[in-house]
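Next up: some structures, all given as structure tokens.
Below are two complexes that have subunit A in common, paired first with subunit B and then with subunit C.
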Partner chain A sequence: MTTLAANLRDRTAIAAWTREHGVYLALLVLVVFNAIATPNFLTVDTVQLLFSQVPPVIIVSLGMALVIGTGGVDLSVGSIMAIASAVLAKFVTGGSPIGVAMLAAVAAGLLVGVFNGLVVAIARVQPIVATLGVLVAGRGIALVITGGALVELFVPVFKDIRLGKFLGIPYVMIVAALLAVAVSFLVRRTAFGYRLLAVGGNRRASVLAGLPVRRTLVVVYAISGTLAAVAGVIATARLRASDPSYIGLLMELTAITAVVVGGTSLTGGRVRILGTVTGAILIQLLETTLVSHNAPDSVARMVEALIIIAAVYIQRPARSSR
Partner chain B sequence: MTTPVLAVTSASKRFAGVRALEDVSIELHAGSVHALVGENGAGKSTLIKLITGVYQLDSGSVRLRGEEVAFDSPRSAQRAGIATIYQEVHLAPQLSVARNFFLGREPTRFGSLDLKRMNRNSAEALRRYGIVADVKRPLGELGLGIQQMVAIARAVETDASVVIMDEPTSSLEPREVDLLLDLVAQLKAKDVAIVYVSHKLDEVFRACDTITVLRDGKLVSTGPTSELTRRQLISRMLGRDAAELDESGRTRLGRRELEDGEPVLRAEHLNRRLILEDVSVVVRPGEVVGLAGLLGSGRSETAKAIFGALPLDSGDISVDGKPLTHQTPASRIRQGVAMLPEDRKAEGLIPDMSIRDNIGLAALPQLTRSGLVSRKRVDDIVKTFMTRLRIKAASPLQRVSELSGGNQQKVLLARLLCLNPRVLLLDEPTRGIDVGAKAEVQALVAELAEKGMAVVLISSELEEVVEGSDSVVVLRDGAQLGRLVGDDITEDKIMDLIADAASEQIEASEQIEAEK
Partner chain C sequence: MKARRRITVAATAAAAAVALTACSTGSNSGSTSDDSSAAPVATALGSANAGGVPAAITAAGGTELLTTAKPDGVSAQYGPMCKGSDLGIAKIDFTKDTIGWAQSEKEANPFRIASTKSQIEAAKAKGWKLLTTNAQSNVQQENTDIKGMIDKGAKAIIFSPINSTGLGDAIAYAKSKKVAMIPVDRNITGVQGCKDVGPQLGSDFVEQGRRAADAMIKATGGKAKLAILLGATGVNVTDDRTAGFLDQLKAKNASGIEVVFQQTGDFTREKGKSVTETMLRAHPDVNAIYAENDEMGLGALAALDDAGKSGTKNVHIVSIDGTKGAVQAIVDGNFDAVIESNPAFGPASQAALEAYVNGDGAPAVTITTDNQYDSSNAAEALSSGKAY
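Entry: the complex of A and B
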């Protein structure tokens, strides 16, 4: 009996450990696999390529982590990327300086995020439904802004965004890292972060403790929208064009996967920033791995699906004793 | 004596080692209405869930017409003829009344739904029960009372021999309650055995033949309604025998002379449709005002209204002479009001957070400088209160959900106390905590009052209200029955007030019946 009890305790301990640290282990396994099976994997080039591809995923996932921390989800991030990209194109083709155009693109993301937040916090629509609206409508809006077509953009700054490096690290990766540090600080040290976790942990109790629950939710969705727009600008620079029907496509699923794999619970009340960043890198590397082994894109999607199911399974709340 | 339709013998159930029900037996007879009464946590819903297969018995047995049964799900209980009607109607509100009436047993014609027959038959059936409703309308568009009755009629039409009603009238208007009780009488005439769970005593006395009282998971008494007075029933529910009570009508030891000063809290003429009716609570500095009444009497609602968590239709609330305006907990906290909610888990704790973070939660604005939380100030305040309230934990960083009930309650109290409130509303501060912690919490409340705080105390244990309060407001059905002070505060007098009001109401309604 005692061994059984100990065994059970071990099992819950293992489950808890997997939940917290599984993502690092998975990344390690994938790196080791690649080191053995993929030619020329362990080179500076590989790392640089990965670090130039992964930043948009990281940036979107950071916002998603906050939203999921409140017990919600933001399905609109991919469409917000498209909207930001379209706004960017509109301003650039209209003759605005690139700095203004970028600011306008990010402001558009902020605006859509605030809208999501208001629908969730004030109208009390379920987050999945509220943001589904923008997911569906967003690309349409983006297409209307660009006039329904792909707009090629020739902006010198885009080359820097694409290829610029500092000490060998792509600029965009530095931006993503700085944003990760900022969001982590927000969660750990500010009253806002504290409130976010409380709202996600128990909304009713947060109201009764006098927390500004609605304001917190609006700000969280606003941050998510803003970060998605930043990712949209980077994606546009990389593509050298605004293509509303392609930019940010399925990004919401990738970001949710990164967040959940990284140890943030879908039920809310917990946010893991380092885990989220690692999760984003894991998914990007997985995609690269599958591509370099000539697996078709469809297989990549299936593998991603398997990972999200496994992650959600590990993250599921322990069954209550009742 | 006929064999009972359903007999529960020596039923026991524990959850994670905590007793929910111990050695309880009841018998249900055909054509008889059996009331199940008791306060929160008495074991009523556990008993029902054991009968209907939601939970499984730890020991004991359930016999249906003499044969032992063990339902593994509510569905199998339903198939055996046991129907349960909950407070909320568990039907499909978008579908028509007729569709709902036949839900799961729809008549078909050439493989498709026979809507005509459904409409005709359901209309007929409902008419038989005296229910007037357009069966083609979506169920959700009807009043709650009608919905409730459609659910009941449906249950009976599916040949239920046992119908369990779990607080069926809690969200009904008085007129709808009358209709529902008529329906109960009709079911009775059809030889259905009925379990009626309610905390509304007048309904229990009007509609039920047998009354079973549960308390703390144990059977207190069971017997014919005619042999029980209202007064006896109330005392059985609240925890003492009537005889024993006369001896113990003792009030708080060394009741202090209160400073005369201006009241800290003035909450007057609180009104909220169907919930509160002209309730007033006035608390002077250093005073503990108890709110007494049965479950559903409006005691928690009064506290919630003062705290801004229950919007009022009208009422004047002021603290230290300043009127309170915004009806939100956040603004009340800023104005010096703090509330310990009734349901620790659902309304108080953030389970995933540490003890430290749970304590600091409400005082966040005071612990924050330009958006940044001062770790040192949080640590200081947490340390102070963990020592002061003797919160036993491995460290302040331990998850709050790992603590015992008593320590969790102390964490919530600490959360309120670091706000340094003028008014403290305590809803069931000692529910579900062990004896030691209970004594500590009670001592703390007395101490806080002595320091000049205004305290409102709610407890379903009358003893606690009597011993801990300087004055007591007695409530029933959301209305104020009276206010007791000084030596008048005894369990006896409180129960008399509740019982008298109950019988007055019965007499009044009987008179109306007679005049008809």
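Entry: the complex of A and C
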């Protein structure tokens, strides 16, 4: 009897530990695998490449983590990236200084984010439906802005964004890290952060407690839209072109995966920033690994699907709390 | 959704391939019979190779290689000859009647832009009234688009099928309304020649792959560590361009070209770039890249440029499409060659429509001619506007 009880206790403990730390373990396993099996993996180059490819995913995932923390979801992030990219192209080709163009692009993301927030908070449309509408319409808007075709952009600043490094770390990764710290501070150390988690934990109770639920939701979606736009600018600089048909395509899925794998529950009320960042790195490294090993596209997709399912399985509520 | 999903007439007939490339000895596995006397078409092109009609042409309703004179811009024609009257389609008065153009994917990449432009300009030049639709990569939408244009009174539909199957609904509707149907680019398969749709026009994607292989052998001198950026997964044009390329490497005994990496770039510049970045870390010795479309090639070039390895002296690049950006890259010394996939079906398809409904008929399957660019003609292709 005692062993059974201990066994059960152990299992619960293991499950809890996995929920909390599984993503770090998974990343470690993947790094070890690569170190053994991938040629030229343990080099500064590899890390630099990873850190230049992953920032858009991290930045979008940070916003997604906040939205998921409120019990919602933002499916429009990929399309917002495309809109930001298109606005950037429009301003650059129109002769605006690059700084103005970037601000305009980010402002466009903020606007779409506010729109999402209003639809969710005021009109009380379910987040998945509200942002799905923007997912579809947003890419159309981006295509209209650029006239549909890919626009090549020759901007010297883009080269710095793409290749610039400080102490060997790509600028874009530093930006992503700073944003992660800022979002983490927001969630853990500010009243806004507590309100956000309260809304996600129990919206009705939050309303009854007199919290500004609507305002909180609008701000959260606005942050998500703004961060997506920043990611769109970086993705554009990386490609040296605005390609509204493809920039940010399926980013919403990648970001949701990063957030969930990182230990943030889809039911809301809880946000894990370091886990989200690690989740984003894990997914990017996984893709890189599959590409390095010539895995066929179909296999790559199945592996990604398996990881999502595994993550969600681990995230399921413990038995005792049902 | 994906850049260019074009399903097609797969292989060129042996005879046509031999005659056109004059160098494909042994490349047509399984069709090496030389019983030229048995085949009525054998001597027409001065080739001893009779060959059969490729399976893909048969699937599209072609039964025999035609030896009659080919119009400009056409590299092969397959019978039977289709006549609209056989399906009860009345003659069209192009000064009064309207026709329809149904595009499959949004005009967001150079190929789709050029393909629609070609239809509109050709119609304008002839003074035809043209309705246009775009199905945004949705096959049900394309069915609806085509039927809608027929309901609006279109007497003929020229269309770029999203897929070689799946438009049965629209085709049956057109047949019942006695409306002429002309598929271009990808062909409709599983049809009997002239019985379901009218004359079909398309490119030969396998041949494009073979020509890319020839260009790659020439560029590298037959020795290279090669990476292939594949098109979108599960799309015939990807399979055809891969098969044509690899078969030709074998046929030319180019064993010095070692394929060390194959990965999909989804026909997009972004994926082409990120995949190439990763590839360069795992395989720093790669010195040649075959990109199955220009956009992925340009993505690869962007990655090479970031790594300080652009230029054909570092890494050779051959791609397929013939867009301005890629042809410019030849001029800039970054690409070796670009095999064209000609999107300008407007004039040929409208001429075929005219012959089909008002004239003596048009061949069941027509393969249009694709150009090829390298350093000798790239600048000219840009200045003349041939590169789209």
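Structural remarks
By our rule, the second predicted complex is superposed on the first by the 317 of 322 C-alpha atoms of A that agree within 3 Å, B and C clash if a C-alpha of one lies under 4 Å from a C-alpha of the other, contacts with A are read in each partner's own complex, and residues count from 1 in each chain.
The working rule: contacts are C-beta pairs under 8 Å (C-beta built on N, C-alpha and C of every residue); 3 or more make two chains touch, one makes a residue touch a chain.
All values reported here derive from a predicted model rather than from experimental measurement.
Once both complexes are superposed on subunit A, the partners subunit B and subunit C fit side by side without clashing. In the superposition on chain A, A:Ala305 contacts neither subunit B nor subunit C.
In the overlay built on the shared chain, the residue A:Arg270 is in contact with subunit B alone; subunit C does not reach it. In the superposed model, A:Leu197 lies in contact with subunit B only, and not with subunit C.
Of the two partner chains placed around the shared chain by superposition, neither subunit B nor subunit C is touched by A:Val136.
More residues of subunit A lie in touch with C than with the remaining chain of the pair subunit B and subunit C.
Chain centres taken from Cα atoms put the angle at subunit A, between subunit B and subunit C, at 120 degrees to the nearest 10. Once the two complexes are laid over each other on the shared chain, residue contacts for A:Leu211 go to subunit B alone; subunit C is not touched. In the superposition on chain A, no contact is made by A:Ile122 with either subunit B or subunit C.
By the touch criterion defined above, A:Arg189 lies against subunit B but remains apart from subunit C after alignment on the C-alpha atoms of chain A. Overlay on chain A (Cα): least separation between subunit B and subunit C is 24 Å. Common to the subunit B and subunit C interfaces on subunit A is no residue. On subunit B, the positions that touch subunit A within their shared complex are 15-16, 307, 309, 329-330, 332-334, 339, 341, 346-353, 357, 360-362, 364-365, 367-368, 371-373, 415. Interface residues of subunit A, counted against subunit C in their complex, comprise 38-41, 43, 45-46, 49, 53, 143, 148-150, 152, 162-163, 235, 238-241, 243-247, 288, 291-294, 296-298.
Here subunit C touches subunit A in the complex through residues 106-110, 113, 230, 233, 261-264, 268-271, 273-275, 277-279, 281-284, 295, 299, 302, 306, 325, going by the rule given at the top. Residues 189-192, 194-195, 197-198, 201-202, 204-212, 265, 269-270, 321-322 of subunit A are the ones touching subunit B in the complex.
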